Amino acid sequence: MPEQLIFAMEVTLNGLMAGVLYALVALGFVLIFKASGIFNFAQGVMALFAAMTLVGIMDGQVPFSHLINAIFGTDLHHFGWHIPALLAIVLTTGVMVGLAWCVQQFVMRHLVNQPPIILFMATIGLAYFLEGLSDLMWGSEIKNLDVGLPQGINLWIDEVTFNIFGYGFFIDNLDIVATIIAALLVVSLMAFSQYTKEGRAMRAVADDHQAALSVGISLNFIWVLVWSLAGFVALVAGIMWGTKSGVQFSLSLIALKALPVLMLGGFTSIPGAIVGGLIIGVGEQLFEFAIGAPYFGGATQNWFAYVLALIFLVFRPQGLFGEKIIERV
Amino acid sequence: MFYREAGDFKTSYIDDGQTFPIRFDRYRFYAVLAVAFLVVPFIVGDYTANAILLPFLIYAIAAIGLNILTGYCGQVSLGTGGFMAVGAYACYKLMTAFPEVSIFIHVILSGGVTAAVGVLFGLPSLRIKGFYLAVATLAAQFFLVWLFNRVPWFYNYSASGQISAPEREVFGVAVTGPHTEAWATYLFCLVFCLGTGLVARNLTRGTLGRSWMAIRDMDIAAEIIGVNPLRAKLTAFAVSSFFVGIAGALFFAVYLGAVEVGEVFGIQKSFLVLFMIIIGGLGSIFGSFAGAAFLVLLPVILKLVGVNLLGFPTDIVAHFQLIIVGSLIILFLVLEPHGIARLWNVTREKLRLWPFPH
Amino acid sequence: MLDASTPPQTQAETLLEVSNIEVIYDHVILVLKGVSLKVPKGGITALLGGNGAGKTTTLKSISNLLRSERGEVTKGRITYMGEPIHDSDPSVLVRRGVIQVMEGRHCFEHLTVEENLLTGAYTLGVSKAEIQQNLELVYSYFPRLKERRKSQAGYTSGGEQQMLAIGRALMSKPEMILLDEPSMGLAPQLVEQIFRIVKSVNENEGVTFLLAEQNTNVALRYAHYGYILESGRVVMDGLAADLRENPDVKEFYLGMSDEGRKSFRDVRSYRRRKRWLS
Amino acid sequence: MLDDSEGYVTTDGRKIGGVVMEMKNITLRFGGVVAIKDISFDIREGEIRAIIGPNGAGKSSMLNVISGFYVPQEGEVWFRGAKRPPMKPYEVARQGIARTFQNIALFEGMTVLDNVMTGRLTQMSQNIFTQALWKGKAEKEEVENREMAEKIIDFLEIQRIRKTPVSRLPYGLKKRVELARALVAEPKLLLLDEPMAGMNVEEKEDMSRFILDVNDEFGTTIALIEHDMGVVMDLSDRVVVMDYGKKIGDGTPDEVRRNQDVIDAYLGVAHD
Amino acid sequence: DLTIPALNYRTGPYAPSGIPYADGFSDYMTLINERDGGVGGERINVLECETAYNTEKGVECYEQTKGEGALVYIPQSTGITYQLIPKASADQIPIWSVAYGRTSAVNGKVFEWVFNLPVTYWDGASVAVKYAMEQEGGSLEGKKIALVYHNSAYGKEPIRTLEALSEKHGFELVLLPVDHPGQEQKAQWLQIRRERPDFVFMWGWGVMNQVAIQEAANIRYPMDKFIGVWWSGSEADVVPVGEGADGYKSLTFHGAGTDFPALQEIKTQVIDAGKGAGDGTKWGEVGYNKGVYTAAVVAEAIRHAQEMAGTASITPVQFRDAMETLEVTDEEFEALGLGGFAPAISLSCESHSSPRLAAVQQWDAEAGTWTLVSDYMEPDFEIVDPLIEEDSMAYADENGIELRCD
């Protein structure tokens, strides 16, 4: 087999894996959009906040220590304990639920029935707020996140492929774990939204706030629910990306990688997020490999994802799996 | 008390269609203009000009531009940073290629170049709507930044990859380059700001503005009653990019003087300008100014208060700044979802009725 | 024709009472200027009146959907079964049996017809089987919905959507339905059909209706009692049968002149003053 | 008398001309749903033509075909003696066909006056540069068109709400504003989709008067969909009846109301 | 008081790099103030201004602080440096970009107010190649070097130098840009895995550094062949990667660790006394030491300026003059408690950079320390200087600057 082809296969596989990581972030967006028609600009920052909180809890950091020290002249930093990863994840999930409740209580409930752009704007405010809060709470230094996920080349795949092709493929263990977790998340979320009464209510709220209110669906409850779910998904994404690149501000920028995925897959579709992620992942890696790096001098990933999404959208304006836009007069 | 329509009769449709139909508003506008042109230049210092007034004026131009596209025509754009970069680089190329031509013309031409690019990236808007359209504009954002970074021709093959504005003069007074006076740069930007404001106002109160708003409010119905969506959307993209391009040119040439594209015209800039119009008020020229003022001034004020008055460490102040700006945005929304402009209008309506509650 | 004489206003207990409410939108627009009405249990009460009279606003202030439109009840009180309800969340009200069918149908476009109906049962904490039973009941009133159960609500016709909206409300096993303009945009046959269904739901299931209508003619034929609202005030009320005989109501709401129905062609731009406005 | 291609005079003395618009064998499908099945009918100059039928019969779809918003899979549209080539909706509007919508489609973010003025867009010709300058040509054009708009506003008696944002108007007034927006385009053919839905008798009377006056004073041809049989029977010259995409009746109001198919499918009871 | 504005970035995407530096700079100045009562009797007033690494905020900081008698600006960002070069030149305030900013500012004949010491990117690229050559036994003929770089003006800085050097030494140069922010670098590292370059150089920034080092570890690239520039070689870049980062190398222009009397004094007199700018955890980190280095040189320049001017309260112009004749010998460093911390400095009117030496340091993941593994090396002046000359003359032409120092 020609070398280029083997490389292309390796790139494709890695692209698929990268796509799953994008999809994890996109999933959080989809959940909230589906349930409330809100384009949650703060999703990336939520992932950052979740990851920071997780690390903070694990390391026994004193929250707001910086502020406390500045005001009271104290010298607090650590509680001096160390909490196992699993327990810390549970605690952080609790914090994310609390955050969801706050979002509902202080933001969403005051904005029932407002047009999408206004809700979008509220999430911008939220993003600013959370960014400031996470820094103030945990400090803006980079933190190391290690919840025990395996990382590095998967030797088994390396060996197997080496025996077949004479060239061992590189697949990152972390990506494999991410793929499994993403698959689990997607299946359970889909089942939830399709087959449970809360799931149905979520979709109803997305269609028409007022009507949902009128049949007795408590928007407050649904919103706490979806924001909690989105918070949990953000935590998962935060763990994956944080393990990869450390926990610090830039983590929130992964949202930018999720946007083209979202648009390509459709804002409202959970499977769309996954399929979109895979297409973008593979597309941008292959493009960089075959065209970008050799002919354009590389670093094409950022815009290529968007251009790819754009091309798809021209043919399917609601995204691959998005709900058909009902246009009637 | 003075704020009344009553007794302020219009005798012609021309009077009725003017920019400030209420006399009090009109006089106030003239007063602001007089102060801006006749008083401020004599008292403005480096700090006020470079840290507050220039960014305010330039962002206001960009915000007006984006507001035309997003607020008036309903097309969400996240490509403002990229389009500003087009304006900046066009201006740089023009300034260095034709040094004898007036910078004034260069800035306007930069707007023209940006308008052309804007139309190109506006084409997908015919099929793609709403948040999905953001993808087209984001593609523009990332692609343009990449392009300006990639192709050395754009930065005249300089070793640093940065572009720096050479010195140019208007009426013998330097407005770009190192030896500028605060008042000169301020006036230069003010003229553009006023010009774009008036043009935007003219366009939005007339035929074109109505076809934009029709498309925004209900595009299908608009098409059925006779609005050509292609034309409406593309003109919106063109006009909007024109303004944004001018803002980009001024941002580079007059305000910063040197620019590295990814850092200055990145996606953050797109979001910043979008936030301005959303906070100021979509579909309102006044809102564009208000939003620009809000997001330029608020951080500065918070910083001055936090660091200089209260003496907090700078990083804590910076974190609080984010928290406060975020909370204020949310608070504004809860109180008045349609931005500062609407808040202002409601206050005005109450004033008009005053002292009666309804 | 049907005649509404049975549960007379006076005997039945009052289920809902609105007394002297004022509603302001956006902090400045005063819409209701002191509306009072009583809805007897088990009856059909009609709220009539022209455009912008405030019918929808009245219903929404009862069901507490006003707040989401930046409206506010600033005066007066609303009691349901003797208890004040103006602070209850809409979902609490639905649990307590008050549900609104909104003007303009408001179906969940992207859900199927059946899913739409199921959302109606959201507040019921009952078993699947009971919900299924409930669903069958609704389908028995609206066989058309059963045929279209799998299609997306966004693509159903106006009549079907109206049925769907009412059916959805029925799914919550309500005590009382606030029905806003059920006849709007429906073919005459369907209007009759829907009103007949309302009537039979009222009779068979004992559901109380408060219905806002423009179509005075039909409304007064099916309702027991009526209120006429104009510019945010109740200008007249009475038994439906009496209202139908009132000369003003006849002229302004039923389009009858002394010589019987007058042709729309003959209407000219004269305008008689309504007597109650004098 | 319907065969008279040159037109005829009605009992109340209005002159009805020849055929202006003819729909020939229109079939329209949405995926599996057949919204319109092989329907043909015509509209004559100066007449008021009603389209009635049960909900979901395809009436609005038919108007959408005329407006060019839906493109039928089969069939032809003839307008003023010529077969209409495929056209965008805005081009149709420029040919002098204006309409209102079933679910009010006003521009909610604009005032009444601006909404009405959008109806004049087909008549506006100034380019972007003159508009940017405003003073001069653009202003002149604006004022000329404003006069027309004001005329219609007066005619429909909505002067008082000129500067009100339409989102604040009650339903009935919105319908009237929509009519104003259509009328201000000075259409040859006016399509009204349920102009009286959600109105009480008094308002229907007002609306009827407007429709008749438009027809009388401007000689506008009108096609309207309406569910109120009283209105349809009183106003229209001829009525098309549709049921589930098929045409089941076509003729004068009297003929239609005696048609047994129509009674079964739509009226429920013989209407008198 | 003498005012030194500190345009720090303790927030934003690059805060992990900005915080240690800011702490180091402040803490050293605090030490000077506390221990010596300032320099020449004048206390040093460090005026912190938060830029979040954002150019506009940088401009605002500049305008805000320049009226307070700022002696020198240390912009802490290449972008801000470029903004400030014309402004500060017009306002006659010196700028010192500490191994970033405009490389050609080395030419004092053109850039009267700008200093770029101790070393420049182009020097760095050259030193990296020299080091690689040493490792390979003196020749790079037929070898392959990959450059992973931040796709921005900063990241592209070394390319020209490396191209010239590849021609001279006959190695192949593979360019691998990474777009901002750089969280996803699969494509680049798969390519490195395929092409197996003998060395990988990195001009990275922010999160890009950690990800690159992580990916290198993932593909098991030999870490001791992976060399970053000084902005890609601090604890923030390697700690998150953990074990995998062991053996990673980077360039540096100052000593690593805490074995210097001055640092120990900072620990006891500043941090332990509760007067530290930060929480003290950054003490001795690479970024912190960079801050200490910068502060020490500034303090020395002030002392020198005071001697020259004969007055304690000096002006920016006097500071500039002092910078242009600044000599910090090894002995003087020793006296400062920083013996062996950095090579001696000697500036002149023509040359606004000195000593233009860089060393290589290596990360020991287990011990969590950086150690210098090479001497301070000179760049290949033959290659670098003409490039500097060319670029600075172009700037002079463009801006009509008359050459000075004659």
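To keep things simple, chains are lettered A, B, C, D and E as they appear, and every chain counts its residues starting from 1.
The criterion applied here is as follows: contacts are C-beta pairs under 8 Å (C-beta built on N, C-alpha and C of every residue); 3 or more make two chains touch, one makes a residue touch a chain.
Values in this document were obtained by computation on a predicted structure and should not be read as measured data.
Note on connectivity: the fewest steps through touching chains from subunit C to subunit E is 2. Shared contact partners of subunit B and subunit C, listed by label: A, D.
Once subunit A is ignored, the contact network of the remaining chains holds as one piece. Farthest chain from subunit B (centres taken as the mean of C-alpha atoms): C.
Subunit B and subunit E, compared by their mean Cα positions, are separated by 37 Å. Taking each chain's centre as the mean of its C-alpha atoms, subunit A lies 45 Å from subunit C. Averaged Cα coordinates give subunit A a centre that lies 50 Å from the centre of subunit D. Subunit D has its Cα centroid 30 Å from the Cα centroid of subunit C. Residue positions of subunit A with contacts to 2 or more other chains are 66, 135, 140, 297, 299, 302, 329. Shared interface positions of subunit C, i.e. residues touching 2 or more other chains, are given as 29, 155.
Counting only residues that touch two or more partner chains, subunit B has 146, 220-221, 224, 313, 315, 319.
Remark: the chains found to touch one another pair up as A-B, A-C, A-D, A-E, B-C, B-D, B-E, C-D. Here subunit B touches subunit D in the complex through residues 12-14, 16-17, 199, 202-203, 205-208, 210-211, 213-214, 216-218, 220-229, 235, 239, 283, going by the rule given at the top. Subunit D meets subunit B in the complex at residues 67-69, 88-90, 92-94, 98-99, 101, 105-110, 114, 117-119, 121-122, 124, 126, 128, 131-134, 138-139, 141-143, 146-147, 150, 181-182, 185. Those residues of subunit A that touch subunit D in the shared complex are 329. Within the complex, the subunit C residues that touch subunit B are 24, 26-30.
Within the complex formed with subunit A, the residues of subunit E that make contact are 10-13, 15-16, 19, 151, 175-181, 183-184, 186-188, 190-191, 193-194, 206-207, 210-211, 214, 217-220, 236, 239-242, 244, 274, 279, 281.
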